[in-house]
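Chain IDs A, B, C and D follow the sequence of writing; residue 1 opens each chain.
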Amino acid sequence: MKSVFRSAICSTLAFSLRSLNHIPNRNSLILLPRYVLVSPSKLSTLTSMATGDSVSHSPHSPALHSLEKQFEEFRHQLDDSGSLRERIRTVASEIESETRLIHSCLLLIHQSRPITEVLEKAKGQIGVLRELYVKLAEIMRECPGQYYRYHGDWRSETQTVVSLLAFMHWLETESLLLHAEAEEKLGLKPLEFGLDIEDYLIGICFMSNDLPRYVVNQVTAGNYDCPRKVLKFLRDVHAAFRMLNLRNDFLRKKFDGMKYDLRRVEEVHYDVKIRGLTMSGNSTGYQEGDEGRS
Amino acid sequence: MKSVFRSAICSTLAFSLRSLNHIPNRNSLILLPRYVLVSPSKLSTLTSMATGDSVSHSPHSPALHSLEKQFEEFRHQLDDSGSLRERIRTVASEIESETRLIHSCLLLIHQSRPITEVLEKAKGQIGVLRELYVKLAEIMRECPGQYYRYHGDWRSETQTVVSLLAFMHWLETESLLLHAEAEEKLGLKPLEFGLDIEDYLIGICFMSNDLPRYVVNQVTAGNYDCPRKVLKFLRDVHAAFRMLNLRNDFLRKKFDGMKYDLRRVEEVHYDVKIRGLTMSGNSTGYQEGDEGRS
Amino acid sequence: MKSVFRSAICSTLAFSLRSLNHIPNRNSLILLPRYVLVSPSKLSTLTSMATGDSVSHSPHSPALHSLEKQFEEFRHQLDDSGSLRERIRTVASEIESETRLIHSCLLLIHQSRPITEVLEKAKGQIGVLRELYVKLAEIMRECPGQYYRYHGDWRSETQTVVSLLAFMHWLETESLLLHAEAEEKLGLKPLEFGLDIEDYLIGICFMSNDLPRYVVNQVTAGNYDCPRKVLKFLRDVHAAFRMLNLRNDFLRKKFDGMKYDLRRVEEVHYDVKIRGLTMSGNSTGYQEGDEGRS
Amino acid sequence: MKSVFRSAICSTLAFSLRSLNHIPNRNSLILLPRYVLVSPSKLSTLTSMATGDSVSHSPHSPALHSLEKQFEEFRHQLDDSGSLRERIRTVASEIESETRLIHSCLLLIHQSRPITEVLEKAKGQIGVLRELYVKLAEIMRECPGQYYRYHGDWRSETQTVVSLLAFMHWLETESLLLHAEAEEKLGLKPLEFGLDIEDYLIGICFMSNDLPRYVVNQVTAGNYDCPRKVLKFLRDVHAAFRMLNLRNDFLRKKFDGMKYDLRRVEEVHYDVKIRGLTMSGNSTGYQEGDEGRS
């Protein structure tokens, strides 16, 4: 029993060694999912690898040999991380085309199709997204502690996903989709593969960019109460963002853009107000929303 | 008691996870003991944070409240990662100025000061570097699994460090400093905070860029055997790199540059050969070579 | 039989010659008849060229001779493709100046001249375009299978042509000019010289860029129903484009721009709606719409 | 007989149709390899596709429907060309890594390993390249007449291949590898999938870039007759290139670079001559070459 336990530790060390070298090599790709089940043989190879370099320049092995030995190892590791990256990118591009599908569904909202109908279709697609993120999580499970190493390969796709989910959530509840809710919808388990906060925040900024267009089209369709609601929502979100000390990066830039969305919505709200336009009991599924708020 | 203890562990994980909004890798689950020492007070906040989100969208709490609550949390987390980044950058810049010091020591080699003397001074500085990397490792220990999140903040400095260590190692042994040896010199413990392979490789490329100049100055100083030795070394390194399938990135670009260093050294070797210039002393073993040079 | 056989051979040689450095596709082998008329003289040169290389490295001919022989051949071939390219460019620039003419006709539409009158003039010019494309097709017939070798020399001109034809088509029918209709208008015979799909699609994007301006000027001229129509049209086109998986290239970039046209038109539609501006005339069918406008 | 003939024509039309739309769609992917065997059903679909668009806007089908129909078809075609491009790129990258292997073998020549030994190893790899080009040719056979559409996806790799083959050929025969010989070595059948002349010429320029280095290292190794031979060769090649009217493009730029290689080799030749250095019967497998020339 003890020996098994020790081997468990050893292999773990072997992994962390490798994941310090930050590239799971073939062994680890096989081993990672199940830690303890390590065959003694494999174990020895692991440990030898763990200590390989120091061995390699023992007086008995010439410098050149240890040099080749090291680069041979690097080659495996770079190849592994390369193929890993390939697999990640494949899933990421699947996510991307899935989001395009969802986006097309949601675009109908601008042609003032009944919200319920539009949401129906769009929500039908979320399951696929969910599965893709499970795939991604599985891939990342092969290289613990390297989430941020490959983060760049899925982050922009994920930001778009968040913006779509948040927009759908607004349509449904007229409230902001929370970070935890987003993870829930995508079946992300924080302990394994979570949603990066900045990706979430950038996604919210993206959603905000769509709101002025939405408001304009809703008013055109006679939904005169929409600007007021969106304005209230956008002001809350904007105020919430202002609580954050953003450093001078992409998120900051996106957030700075939010104020223009806010202004545009205010203008539309102004147009409606100054013309004394009021809800003429529209039929775009806002009744409950209205009772709830106005 | 036991249950409390266990919850301490859990919430700690949950915390390091949340505040770093990343995935603690399974290693950290096993390396736990390091994390258990949590003060009760902190513990309570921890657990509340860990469970905060799920609470936040219970029917009883209004959307706005949960919104503010979430951003309040984000503010803490962004501030934490912000100050963490600050601390990392401070150490990184200390490393940078330290490397500048070492570099200026090594420059004397081009004025053909005796190698031993030059190395003496340079090696004296390594201890400082070592301490700085220990500091860095300590900081990173606070956020397991996020090595690659902050990697960008120390990588270029580390690449320079590697290039200097590798050059010094060449001067001493006329062989390539191996990855494991570099980690050893910097007191990096692979299991905690290792040297990224690509940073190591880029560092070696940087070193190669200095060799043509070194060879030229050595020949000028009458060390006619130097080109032969450097050439042999550089060819071995170049051949070793060619084993790697580099993707089209910075490392690849740096490596492509190495062939110009190689050609330049070949040209110098050619000049020496065609003029029939030979070592005043014997040109066999390394030690003798050194004597010959100094 | 024999003559047929010989002609088959000749034409084959003709290909390998013509397709100096390209691949005559099997079609050309079947479309043979077009190529049989080869003067005996040319024939001899052809055969010599066809067999030249194999001869050239027989033990009897010195390396230098075969070298010169090869470059002599290359010179002819590069000169041929060079002059071919010249001829293509000449036609392309004629197409370009013709499109400028048509464009200036269409610009009058922004000064709200009656559509019918404007279209009259513009359509008068299409015949010239048609002739130019026939010319182009004739030139390309000389080098089967090399459409994409010279494609770059006429593509941007063709994209502009498509955008103009599509705009005229919209003015007439308020529907999208289809790919096959575009080919028809330009007298392009798909089997010989067709309209590249991406060129067609880019042309449509260009047309979309003109619509916001058109809508603004129409509204200014009191055609308050125009925004609604253009919006409907543009939304259909935009939705259709979204069906495509565009890779990250020029077309993708152009399409991404289309959404700004869409938004702008929506804004104009919004302005009209919120001010309760309605068609002086009726705003139902297309024909009536036209009467309403002109 | 007649039916076979007709189907032959039809399928031809189908191809040209497709290669007019310039994207083989799924059918053609299946059909292309075998031309005549077209099932009547498939045939009808093909012809219907050929005429599909014109049908689609018959008075009976509304504009929107034909619009969707057209884009649906485009989607298939763009997807097909996309996946085709993927497959091409895969092979191209395999070619690229294969050339890296060969290059590593050839680099040993600079360390004055016996030519015969070096060539042995390098030539062993050519078979693999050959297979890869067969693969590429097979893929391109699926879309006749589109060689130049995807040319950009393999051209730079092919230029490197040519440079390596030409260098090996020089080492063996001290003469220039001819275009036809290159195609032969790569198993390229001009009628199907040939070697673009400009790619060949650029490849030769790349080879010329390696010669100065080669000469320098040969002289260093005591092969004092090498500069004379390389100089003669390079002068012949340079003169041959001068016969060509190069337009102002990449090839021209590469060729302009060749004169620097020439100058450098002349300088080395000068160094050898002015020092009265003569062949001291070297052992780098030049004997025959020497007898043959000196």
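In the analysis below, a residue touches a chain if its C-beta (ideal position, glycine included) is under 8 Å from a C-beta of that chain, and two chains touch if they have at least 3 such contacts.
All figures in this text were calculated on a predicted structure; none of them were measured in a lab.
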- line: Overlap of the chain A and chain C neighbour lists contains none
Field: Proportion of interface numbers common to chain B and chain D (over half same, under half different)
entry: different
- line: Here the gap between chain A and chain B, centre to centre from mean Cα coordinates and rounded to Å, is 29
Message: How many angstrom lie between the centres of chain B and chain D, each centre taken as the mean Cα position?
response: 41
Message: With centres defined as the mean C-alpha position, give me the chain B-chain C separation in Å.
response: 54
Message: Could you pull out the residues of chain C that touch at least 2 other chains?
response: 243, 245
Touch-based graph of the chains, sorted into line, ring, star, complete or other: ring
Field: Chain pairs in mutual contact under the definition given at the outset
entry: A-B, A-C, B-D, C-D
Message: Which residues of chain D touch chain C once you look at their complex with the stated criterion?
response: 8-9, 12-13, 15-17, 19-23, 35, 50, 52-54, 56-57, 63-64, 66-68, 70-72, 74-75, 77-79, 82, 140, 144-149, 151, 173, 175-176, 178-181, 190-198, 200-201, 236-237, 240-241, 243-247
- line: Within the complex, chain C is touched by chain A residues 97, 100, 103-104, 107, 110-111, 213, 216-217, 219-220, 268, 271-272, 275, 277
- request: Report the residues of chain B in contact with chain D in the complex, numbered from low to high.
  value: 235, 238-239, 242-243, 245, 263, 266-267, 269-270, 273-275
